[in-house]
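The structure is given below, and queries will be raised subsequently.
So that you can tell them apart, the chains are marked A, B, C and D in the order they are listed, and the count of residues begins at 1 in each.
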Amino acid sequence: MQRRLPGPKKLQSSLLSVAVEQVPKFSCQVCLVQKPIDIAQLQPLISDHDAGAHGWFYGVTRRRTGDKITASLSYQAHPVMAEKELARLANEAANRFELKCIVIVHRTGEVPVGEASIVIGCSSPHRRQTFAALPWLMDEIKREVPIWKRETYTDGSQEWVHPITEVT
Amino acid sequence: MQRRLPGPKKLQSSLLSVAVEQVPKFSCQVCLVQKPIDIAQLQPLISDHDAGAHGWFYGVTRRRTGDKITASLSYQAHPVMAEKELARLANEAANRFELKCIVIVHRTGEVPVGEASIVIGCSSPHRRQTFAALPWLMDEIKREVPIWKRETYTDGSQEWVHPITEVT
Amino acid sequence: MQINVLLFASLRDAAGGDVIEIEVPEFATAADVLSELKDRVPESATLLSSCRVALDCRYVSNATSIAGAKEIAIIPPVSGG
Amino acid sequence: MQINVLLFASLRDAAGGDVIEIEVPEFATAADVLSELKDRVPESATLLSSCRVALDCRYVSNATSIAGAKEIAIIPPVSGG
């Protein structure tokens, strides 16, 4: 199920004079799933003896948005591109925030109220890095990764959510 | 094992004119434990149908601090006061960041490398609140809660950690 | 020339399918693809102004030529997470 | 008067016990307790300058009287988390 990505290629090529064992190493794993995200299975993926800080974020289907009551959410993805973008962002976060490990799982299809549509975990030597990485990743994912959410409200109405953004 | 705290008394008394069902409600649970923290057991404690964001932070014993290699950490607490301070901070965070649920567990005694000494979980309607609450809580806990860490290094030396701070 | 374009979310619903075949000039750019789609799916014209184009799973600017792309996808504003 | 003071962490190790009995003036403040402890545990004098006093599980300022407190604890700089 997991996609294990190669190390930080950009860093390696720009630091050719650095001994290989000094090149930062990290583990990035991302995937899309179509069933409930198995959180217990993900825990060991961010363990590292030099990581004193582990952080997790779960985005969960919420019952209420403004005045409307959500019955369920459904997520549609461009699956190949979504995994590529998630992997790109995971690698960028690992470099930018000096993470030891990172895992991102996004669920597609129906996600009932109370269940997680996305789980992100990361680990780092100190807590500042993990605390900075998680909000950055969520912001980027919500801007860049080709996944769309369709609300189904309790009154039966449905709508795709397309936050209007500037085109880059 | 868990200590269920009363609701936000300060809010209730200062908002007497507000209908009872409009007073923000939240769940705060804190405790100290002397064995490995059972993370799976904690997950359901922060579930709430109106909480779209769940965040967790685990502070884990790290092998390396600077040049020194840690064999294990041991935590000592003033247990009654530590739980009181954790409860006070949990309630303050819930009010300040509009959290739905919060749980804090701190382990005392020996905590081997790779195991968690502290786990904090919280949930909120939107992710910003959870992302702001977790770092704030960790900063406050490291400043206010009477718990002390003793490092045992692989060379056999031991030291209590007493970060020098201004006395208030 | 005839090309196939992948559609998603409300654009897919409006067009009634996950892929649409459209006719574009030989040296067409991403902008030309979006423009042709506005004619073919006029009820999504406003949304299309906010869409990005991805060639072979990479976002490209509207000025990029689509020549050589194996896959052309229209990416409406995303809402995952 | 004689009072019992709870000690923790390196202060406990230096004093050789988790509680120490000390003699303080009748209207003693938290500062008086810290001062007396510096005499009794001189190797911890520097650390004691960074310690706070808690009466009945609440931090108090150094000027606070200890009168009526059921429990007096010396809280060295903490390092939990």
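We adopt the following convention: contacts are C-beta pairs under 8 Å (C-beta built on N, C-alpha and C of every residue); 3 or more make two chains touch, one makes a residue touch a chain.
In this text, all values refer to a predicted model and were calculated from it rather than measured experimentally.
Visitor: Quick one: which chain's Cα centre is the longest way from subunit B's?
Guide: Relative to subunit B, the chain whose C-alpha centre sits farthest away is C.
Visitor: Rounded to the nearest whole Å, what is the centre-to-centre distance of subunit A and subunit C, using the mean of the C-alpha atoms as each centre?
Guide: The separation of the two C-alpha centroids amounts to 26 Å.
Visitor: Which whole number of Å gives the spacing of the CA centres of subunit B and subunit C?
Guide: Inter-chain centre distance comes to 48 Å.
Visitor: Return the residues of subunit C touching two or more other chains; collapse runs of consecutive numbers into ranges.
Guide: none
Visitor: Using the touch definition from the top, which residues of subunit B touch two or more other chains?
Guide: In subunit B, 59, 138 touch at least two other chains.
Visitor: Could you run through all the chain pairs that touch each other?
Guide: Once each pair is checked, the touching ones are A-B, A-C, B-D.
Visitor: Spell out the part of subunit A that touches subunit B in their complex, as residue ranges.
Guide: 39-40, 43, 47, 49-64, 113-114, 116, 123, 125, 127-128, 130-131, 134-135, 138
Visitor: Quick check: in the complex, which residue numbers of subunit B touch subunit D?
Guide: Spelled out, the residues of subunit B in touch with subunit D are 59, 75-78, 80-82, 84, 106, 117-118, 138, 141-150, 159-165, 167-168.
Visitor: For subunit D, which residues are in contact with subunit B within the complex?
Guide: For this pair, the touching residues of subunit D are 6, 8-10, 12-13, 47, 49-52, 54, 57-59, 61-62, 73, 75-81.
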